[in-house]
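Scrolling down, you'll hit the structures one after another.
Here come two complexes built around chain A, the first alongside chain B, the second alongside chain C.
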Partner chain A sequence: MAYITKSPWIIHYDASSCNGCDIEVLACLTPLYDIERFGIINTGNPKHADVFLVTGGVNEQNRPVIKNIYRQMPKPNVVVAIGACALSGGVFRECYNIAGGVDKLIPVDVYVPGCSAKPEAIIDGVVKALGILEKKREAMKKEAGN
Partner chain B sequence: MTGRRTVVPFGPQHPVLPEPIHLDLVIEDEKVIEAIPSIGYVHRGLEKLVEKKDYKNYVYIAERICGICSFIHSLGYCQGVENIMGVEVPERAHYLRTIWSEYSRMHSHLLWMGLFADAMGFENLFMNCWRIREQVLDMMEETTGGRVIQGSCKVGGVRKDISVAKLKEMSERIEKTKADVEEINHVFFDDSTVIHRTKGIGYLSKDDAYHLGAVGPTARGCGVAIDIRKTGYAAYPELDFEPVVESGGDCYSRCMVRAKEVVQSADLIRQAIEKIPGGDIDVKVKGNPEGEYFSRVEQPRGECIHYLKGNGKKFLVRERVRTPTLTNIPPLVRMLAGCEMADVPVIVLTIDPCIGCAER
Partner chain C sequence: MSFLDVMNVYPLIGVLLFIVLSPLVGGIIFGIDRIITARMQGRVGPPVLQPLYDIFKLFEKEKMVIHESQNFWIFGYLIFMIITGALFFGGSDILLVIFALTLAHVALILGAFSSGSPYAHIGAERELIQLMAVEPMIIIAAVGFYEVTGSFNTLDIISSGSPLILVLPGIFIGFVYILTVKLRKSPFDISTSHHAHQELVRGLNTEFAGSTLGMVELAHLYETAILLGFIFLFFGLAAPIIGLIVVALIYLIEIFVDNATSRVKWGLMFKSCWIVTAVLGVVNLMALYLI
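And now, the complex of A and B:
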């Protein structure tokens, strides 16, 4: 984890998940897994966040909310789709109100499968995302010319 | 002096809410005059899927209505289909279903107690509740293979059995969990910070609770003694318990009800383990359901009804789920009227909103 130069803050939004993945995301923050010890904090403010965790598929009502949160996040940022529903719509893909996975709407960097995704898998996904975040940061620095 | 009325939007993405719900709060100075809820952010339309999935396969969809009360949803659905088809479920399966239902209740209530503490800004208590909750999830994972989605209920019984040795171990470990919960309950009951944030806040009278259709701990916290477990499904008729009722009608009472129910659930699990008979865990189910049935179960949040209708084909014609959160929204709107703006997160949490259930 040497590449983590800053404390990455995360924001979590439940698109249309059944809660299963959401409570597992919260479980990552609490004593058994405790990712806060790496400086990872769950913030409610998109403008403070580096990592966007989305659970659940896209539906008509939450489409603008997801876009809005993503638009407000400072660059560089990474998006982690958590659970089968965020990947493809999961068991609900045939429902009339589900448009599909989150990548239909915003670019996704890491996909974490599972129904529900286990905390270990979520943490692994976030660690992978942090690697991508670092690369994006480097690329932005180069582009700016320093 | 009265100030000008302002509308403050609350949600759908809000730090205190793990799930999206939107409230328009009409406020005058710091006082909430009216709360107008709007929902639909997690609507998937899964009731209509019964037309596409065979009635035995639909169990896994029913289980994913909500990831917190997952087991009880699948139980409600299976119970409905079994009643339409006249399937006699073996006694052992009834007991296993009861044990897993009570584990679900424990994990759900502990989760809620944590979130509630978090809404009050009591981080340490939040962490401690979730620490204890992991013990419950470990038991779930060891017996069913899943932490929050178990997949162990099926039409005609259950998928997995628990060995005698494991049951014995479970009854020992549940005592430890119970002791931990009792220790933490003491903080919820007696700590001055908690009392300051909850006592007299978000009052709902017994009459209002009844007439607005409150269910579960929201109703029981106002002195209305409804508990669907008392109607006697699964193995509940053989277990000895009384619904936990508090008469305060405020946030403190609703919190007390849930805190005491965790201990009660631990007790029910112990009783069920003592009484569990041997035998099969499932029966073969043949044919297709024809007829209709209202299946009622008590979820951590209150009464949940699965209405099922079949016409002799392998796809059901209609499923309708009436979930506790949806029925608890009108009481919530009543509680919010007249409260302080700063108390809104605490009051919203005391109905234990589960939006995944409410919007399906």
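And now, the complex of A and C:
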């Protein structure tokens, strides 16, 4: 078992979200859900993070920011898109300044639907992401072996 | 054969025990720290071995550096921290221990400076201020040990006939005061912090990722073992059980202080450390001459 699934550190970015999903993401850290039980820590630094949580539809201004954060995360890493807007642009998808879902810019591994997404759903999504993280880690190991 | 004879003949035993055991002991201490912190906030908290899982994970990650020199400095930090502990637990000269400890921190600061990142720069500058704030007290502690036992060797200090705290109470309290800075605990966690992951991005550790950050964390485990060993010197083999209880108690108090206080500005940290050093440390030293 890889240690990466025992201590996934997350970074959370709000890409023009209405803050509904952000509040739910932070709710996961509160005593009620306490995701630190699983070694999950909310970092503010992409270089320390393993899981990238994005909320909100991407607009033109935060397009480079998201790409930048993703590029600064050391491999293996996973991206979790949270909420209807991050999945497809949601109700804002027709707006002139909205690029659409996060997957238009960077590869997304797990989609967590909802408006806003429930904390239980977010935790479920992160747990699913951990399985993908472990697979990526093994693929990385094989590549290094070759 | 008593403990002292064994240590006198084979000082390498202490060194090997330090190198092998202190990451484990330090990891468990940090794990308990995180659980107590979580309980104080009404949470359950991570497993006890979580700090070790974190370090193992960091070594699994991709190597990502801004500058090759970064790795060199951080490796130097880890190696000098291990040398510090080897000198300390091998029963060597305590002045050498202090110089090696400072050298290790200088390597860490140079590593942070070499990245060129503004966040790491601020963190490195603040770490320099922390070093300046704590260094006088540590040296006064060494001088105090010498005044009482007549030797700078940790082996002679630890085997002193009576507990040193009886004649060095001021230096003891002063050392505990600066321990908060050394352990990176609030209110003095100004260069980087365990808990506040989003402040000044991460201060000193901002530009370290993957195995480089793993080495920084590992060195911090070693440093914790050295510092708690330093506290134990005040009791030594004259009162070993009381010594261990006091070491545990002091760490517990550090956790409570960490959770109950907010961070102070660097000026207040610096001034208060030097005032405590000047009042408690120097007065205690002067009293030693009078006795």
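Keep in mind that, in the parts below, the second predicted complex is superposed on the first by the 139 of 146 C-alpha atoms of A that agree within 3 Å, B and C clash if a C-alpha of one lies under 4 Å from a C-alpha of the other, contacts with A are read in each partner's own complex, and residues count from 1 in each chain.
By our rule, a residue touches a chain if its C-beta (ideal position, glycine included) is under 8 Å from a C-beta of that chain, and two chains touch if they have at least 3 such contacts.
These numbers come from a predicted model, not from an experiment.
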Looking at A:43, would you say it contacts chain B, chain C, both, or neither? Reply first, second, both or neither. both
Tell me which touches more residues of chain A here: chain C or chain B. B
Touching partner for A:52 - first (chain B), second (chain C), both, neither: neither
Looking at the overlay, what does A:70 touch: chain B (first), chain C (second), both, or neither? neither
Just checking: does A:111 make contact with chain B only, chain C only, both, or neither of them? Give me first, second, both or neither. neither
Touch check for A:31: first (chain B), second (chain C), both, or neither? both
Common interface residues of chain A with chain B and chain C? 31, 43-45
Would you mind writing out the residues of chain A in touch with chain B in their complex? 12-24, 26-27, 30-32, 43-46, 56-57, 59, 61-62, 65, 69, 91-92, 94-98, 115-116, 118
Considering only the defined contacts, which chain A positions touch chain C in the complex? 2-4, 6-7, 31, 34, 36-39, 41-45, 47-48, 50, 74-76, 137, 140
So, in the complex, the side of chain C touching chain A is made of residues 34, 38, 41-47, 50, 53-54, 56-57, 60-64, 197-199, 201-202, 205-210, 213
The answer for chain B against chain A in the complex is residues 12-16, 18-20, 40-46, 48-49, 52, 60-61, 64-68, 70, 111, 114, 126-128, 130-131, 134, 137, 146-149, 354-356
